[in-house]
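Next come two complexes, and both contain chain A; in the first it sits with chain B, in the second with chain C.
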Partner chain A sequence: MIPAPFDYVRPSTLNDAVTALREADEEGKVLAGGQSLMPLLRLRLAYPEVLIDVSGLPELRGVRDDGDSIVVGAMATHYEVMRDPLVQAHAPLLAAATSTVADPAVRHRGTFGGSLAHADPAGDLPAVVLTMDGLFVTSAREIPARDFFADYLTSALEPDEILLGVRLPKTYTGWGFHYEKFHRTAQAWAVVGVACLVRRTDGEIAHARIGLTNMGSTPVRAYAVETAVADGPASREAFQSAARDAPDGTNPPSDLHGSAEYRRHLAQVLTARALATAAGV
Partner chain B sequence: MSEIAPEAVAEQVTPSTPDATAEVGRARLRTEDARLITGRTTWTDNIQLPGLLHVAFLRSPISHARITRIDAEDARRRPGVIAVVTGADLAGEQGSLPCAWPVTEDMVLPDHPPVAVDEVRYVGEPVAAVVARDRYAAVDALEAIDIDYEPLPAVVDMERAIEEGTGLVHADKGTNTSYTWVFEAGEPDAAFRDAPVVIERRYVQQRLIPTAMEPRAVVCSAVGDEYTLWSATQIPHILRLMLATVTGIPEHRLRVIAPDVGGGFGSKLQVYGEEVVCLLLARRLGRPVKWTESRSEGNMAVHHGRDQIQRLSLAADRDGRIRGLKVDLLADMGAYLMLVTPGIPLLGAFMFNGIYKMDAYSFRCTGVFTNKTPTDAYRGAGRPEATFGIERMMDELAAELGLDPLEVRRRNWIAHEEFPYDTISGLTYDSGNYEAATEKAMRLFDYDKLRAEQADRRDRGDPVQLGIGVSTFTEMCGLAPSRVLGSLSYGAGGWEHASVRVLPSGKVEVVTGSSAHGQGHETAWAQIAADRLGVPFEDVRVLHGDTSVSPKGMDTYGSRSLAVGGVALYNACDKVVDKARRMAAHLLEADEGDLEFSGGSFSVKGVPGQARTLQEVALAAFAAHDLPEGFEPSLDSEATHDPENFSFPHGTHLCAVEVDTETGFVKIRSYVAVDDVGKVVNPLIVEGQVHGGLAQGIAQALYEEAVYDADGNLTTTTMADYLVPSAADLPTFTTDRTETPATTNPLGVKGVGEAGTIASTPAVVNAIVDALRPYGVDDVPMPCTPERVWRALRAAQSGQAPPGGSPEPGAGGGLGSAGGAA
Partner chain C sequence: MPHVSVDVDGVRYEDEVEARLLLTHYLRDRLGKVGTPIGCDTSNCGACTVLMDGLSVKSCSVLAVQADGHEITTVEGLGDGQDLHPMQRAFHEEHALQCGYCTPGMIMAALDLLRDNADPSDEEIRAGLEGNLCRCTGYQNIVRAVRRAADGMRQAERPEEARS
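This part shows the complex of A and B:
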């Protein structure tokens, strides 16, 4: 549990940080809260030559209001995100999901951007940002959420690209929301998680958006369920029947915490529950 | 059901309210905690010595292979590296790690070199050690050692291991069976013949990884031909003797120190190869060395616990009375026999009958070698497995007969007026009152109300079902009478030693051979001494864990510290008082027989004002100006106590679980533990032991499992995969006590260290099965993960047998996913 040797820099401008990454020539890694990167180093599953600590870059900090969206900085810690008034007002789904991440110690160090850049399909936040159609703002460009998560632990970020934050539209302000996380112990990762947003009109579901955690190598949307519940009754029976399609198009892993078959089953049960809670029935 | 025991019975055994001035019985905060919790203390890894070098071990990545070549030249040339040693380099001096418990005359006992020489037999077995100037250089150099392995067939499954034609863990032994040990009492075949009810079950005690908060660590220094070894161990005394035997270093040249030790649960009741190697390296290099393991290293290399396959048959009459029990075990030894590996499952031989009367009993255990980490003692050691077996079977019997599980137990248990009771397995239970503990537990649990709620949920077809689990356990602890250990071929005795020194200033030093590793001896021992000697608690200091300071001892395991070591202290204190009485009589010019000792002071009966305190007597003895004829100028005394019997704590644990039948998730709704551990020295410490024990036993039921894949790779090497529950996962426990004093020691105490762990596992699993029985489920393999509960339900509904064993391990999940890819 001792990492191989590496260099460490902590630039104070974005320019210096990008330059440092370029100079490292694919052998550099951005360091945010270190809660995912350091275990990889300590298990010697990664051997970067230099870590570029981005905690000194002002562009990555805090949460700000930007008209019809809010921008959550990459270096905002889970603890900050959970308690932020803008997040609570416009992205309560994100606040709810973030409060299920790990334990208080990890939430004080781990960051929003680190969770997303790490692109772990078992992480709780990727499915939320996908569900909310977040726009990833980087040092080089903007990337829509559906294009950001490329594969297992792989994002669309280039080796010399830094994630500054994510723009979350205010479109979903006031929608019903719920993050249903199924995990074996309080600190454990999701076996399966369901992020859910619903808009109700007169006892019916006008729209639903559903993202699944740990049902494939990237977070996935449960489009079939979204379609099935739209313009239908807000009832448990309707949700249960629609949720049967939740595993459609998914490719869940089999591991110590659950087989693929069990995860498909869980996706159905949890999706129905998430819809019911989000819709308040 | 509420009439199980009359109130009158309960009243006799209500815990005594301690006298306000007495130390024994007082819920004192532990004096050692401030330094242990802040870490400002001598944990082994905190020790710094001038010129200290650091050791790292290269471990086998393959479960079974021949080592065909090792090239360590590159590693030796790396910066900071002082030495690299392989098994071949150490072959002449490393000896073989000891097994002190040859359970049968023909037991197969393979050689166990601390560093593998030409064959590796489990993943994690040491193959080389690097010594470097710092820990980083040592770990970096491991990657530069080049080893060629020629894979051999991996023996992973115990049932396959004993079939003809399976590969051999130790080819030269010609078998994977280490031993078969049998015990029989009464006439089992007669008991089963024509029995109206026969229940047969197969239960698996999964393999567990003891997870002490402090990982193992060793520091060793060599000065001339004198060696000092610090180790995070439970057994400094045994370790010293064993290290001397293995390495040939004379025992009197070797000092072993267990400084503050952060938990062990049996995992530090061991003589580890790393300890031997550190000693040899310090000798070779003439410089002090240190090794501290990482958590993932420890998961592979600390001995594991449990791992049994149990085949149980129970014969009973229609009214529920047990006729006989047959137990047939396969016990996984792992790749080698370590200190007490083969004996662990046999401790269960005496416990499968639990608190019940029966006519006949047979027990058979086969120890099996596999290419896995060796197993050995883990909290409860053999007794949790046995208790699980019998308590699960009692619930199965109740279900078969349509009786309440508590009623079936009541019809079979030993009634309180029957003590002392000679059990079918040959033990004599000295005391106990199962009726009282059960009655109290049922009241605290609100048993009848929960049964009503259960019926209601069943009627409504609630997707969340309620289950109620019972465990009326006992255990044998306070290891142990030396003569019994001898009759079981154990390599040592079971006595314990204590000495008491009254310093000239009247302050007291207590030395105990019982080596604490987090249980609170420093507080409890001071309470005992303060009471016996009538001195303030603050005036007593407890010393332990260093073979130079406490030269005699048998250390700590098997809930023996208080029941054996505490009694030794009690006796030593009495000897001090006897000596002091003689001295006091001399000073008071009175007859010894006319003196009274109370509140720390000797007074002459009927003569007020004529008194001497113990402190005054101690000072007078020290000055030695005026001593009684033939009196040695000291009050210091020592005592060695060898118990005449084990102690038998018992209790009734009741667990209510909510099982989500849609997901299989199990939530513990309430848990009541009423334990009878006899007299209590410090109720707070007892409660702490019960809480921790419950957490560990519940962990076996719901969370923990060491998983190996088909090639013998351990897949649960990190705490993201080996799930240890935290407070957030556990309910608020309701704990209470009844008190039937042990009759075999003057303190009336029984052990408490393992009780919670032993009792709780079957309570939880019984509750889960109870919730699901209407669905046709009669077992869920441990740990009862949500997926296994779900599968058991599905299998019962479709009429298939639920698949045992673990789901196929694969990529992903885990450390989020750190274990999967970089």
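This part shows the complex of A and C:
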């Protein structure tokens, strides 16, 4: 379908962009890569009065090194993030998860920031940023990852707030990593996904961090599993036993792609697999 | 109405467009380039794939105003009017289409894949065409065609390798 009419502006400064959003008085929408917004507009599920295209704002571009962290710009496309040398060195988990998003054409347009601001519980990147303790940098403030994802398709961003990028600490540089995604058809969203980071010392797991995709209305950490594997052996048996706790505290949806019960089962199986691959066993 | 200045298949166009005009509709309805079809409302099928500054995009998911200042290549810009592009020829030779609806998008996505990887395996071809759906062929001949085009295009670029 053809979208309902709207106005379009492409400001070249952050100030102008925020002003345009304020003037739109909650009837404006930020347009990044458009890969979530265009289908919504075409299906007439969204009726913004004005689209504010943020592709012209220099603050949102690229990936930069900033001492003990890297900052991934909101307008960095999935395609750029996957092949960025800083991301590969300090956040290979993000590169791996990004390469499972959608398909090549969508990855050429879709952006890192758009995926996060969209806050789809089935999106692959929110769990990664949560697992890495990312810090969201916006036009108004900084928001820790655990406070950013508020609810189903709802982030903590105010209507006049623009996401500039996310600061990812270099703490996890060199850790084992894996993103385990389960989906049934090509270019499909995750039924369940598991983001995993592990640090090994002498055959043991010193630390593990695990984030779950689509096990609730927001991404969640599998704290029970993290605790269960810490200071234990890096073995498949240990991982399988610890991963039984993966659904603890989750509230997965039941939908066309699977029941809540099925998702709880998947979370256990996929968490064990993710740990094994991340630990290299 | 916003003004756009966009290169399509090597020709510069200057136009006033409605903000809500999709790039596919601009190509088809304004420029008459009906070689790029529309197959869905959900950005899934890939029939509408074109290259934007050399990278594949789904033209139903880009606004014409977002193409302002960019270069677009559609399937109509591939052949030289006389001869088919090697990718088009390979689709013909390998019988990689039945109804042909998905073909322009398949061809553009396949060219994008070869830009990144001149010698893809069958598995890499399937992953590269992940965003393009075909309801007719079962994909086997499409994979064969892309492999054939890749072989031909590599040899055309490095004739000395072909001889050895």
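Note that the second predicted complex is superposed on the first by the 281 of 281 C-alpha atoms of A that agree within 3 Å, B and C clash if a C-alpha of one lies under 4 Å from a C-alpha of the other, contacts with A are read in each partner's own complex, and residues count from 1 in each chain.
In this text, a residue touches a chain if its C-beta (ideal position, glycine included) is under 8 Å from a C-beta of that chain, and two chains touch if they have at least 3 such contacts.
The structure displayed is predicted, hence computed values, not measured ones.
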Contacts of A:Pro39 with chain B and chain C, given as first, second, both or neither: both
First, second, both or neither for A:Phe6, with chain B first and chain C second: second
Partner chain in contact with A:Leu51 - chain B first, chain C second, else both or neither: second
Touching partner for A:Glu59 - first (chain B), second (chain C), both, neither: neither
First (chain B), second (chain C), both or neither touched by A:Ala186: both
Which superposed partner A:Pro104 touches (first chain B, second chain C, both, neither): second
Residue contacts with chain A in the superposition, chain B compared against chain C: B
Touching partner for A:Tyr79 - first (chain B), second (chain C), both, neither: second
Intersection of the chain A residues that touch chain B with those that touch chain C: 1-2, 4-5, 39, 43, 103, 186-187
Chain A to chain C touching residues, read off their complex: 1-8, 10, 31, 34-35, 38-39, 41-43, 51, 53, 55, 79, 102-106, 108-109, 186-187
Residues on chain B engaged by chain A in the complex (per definition of touch): 135-136, 139-140, 143, 294-297, 662-663, 665, 703, 707, 715-716, 718, 720-721, 723-726, 728-729, 785-787, 790-791, 806-822
Contact footprint of chain B on chain A as seen in their complex: 1-2, 4-5, 36, 39-40, 43-46, 103, 118, 120-123, 152-153, 182, 184-189, 191, 214, 253-259, 262, 265-266, 269-270
Interface residues, chain C side, partner chain A - complex: 2, 18-20, 22, 25, 41-44, 46, 49, 52, 55-58, 60-63, 65-66, 109, 112-113, 128, 130-132
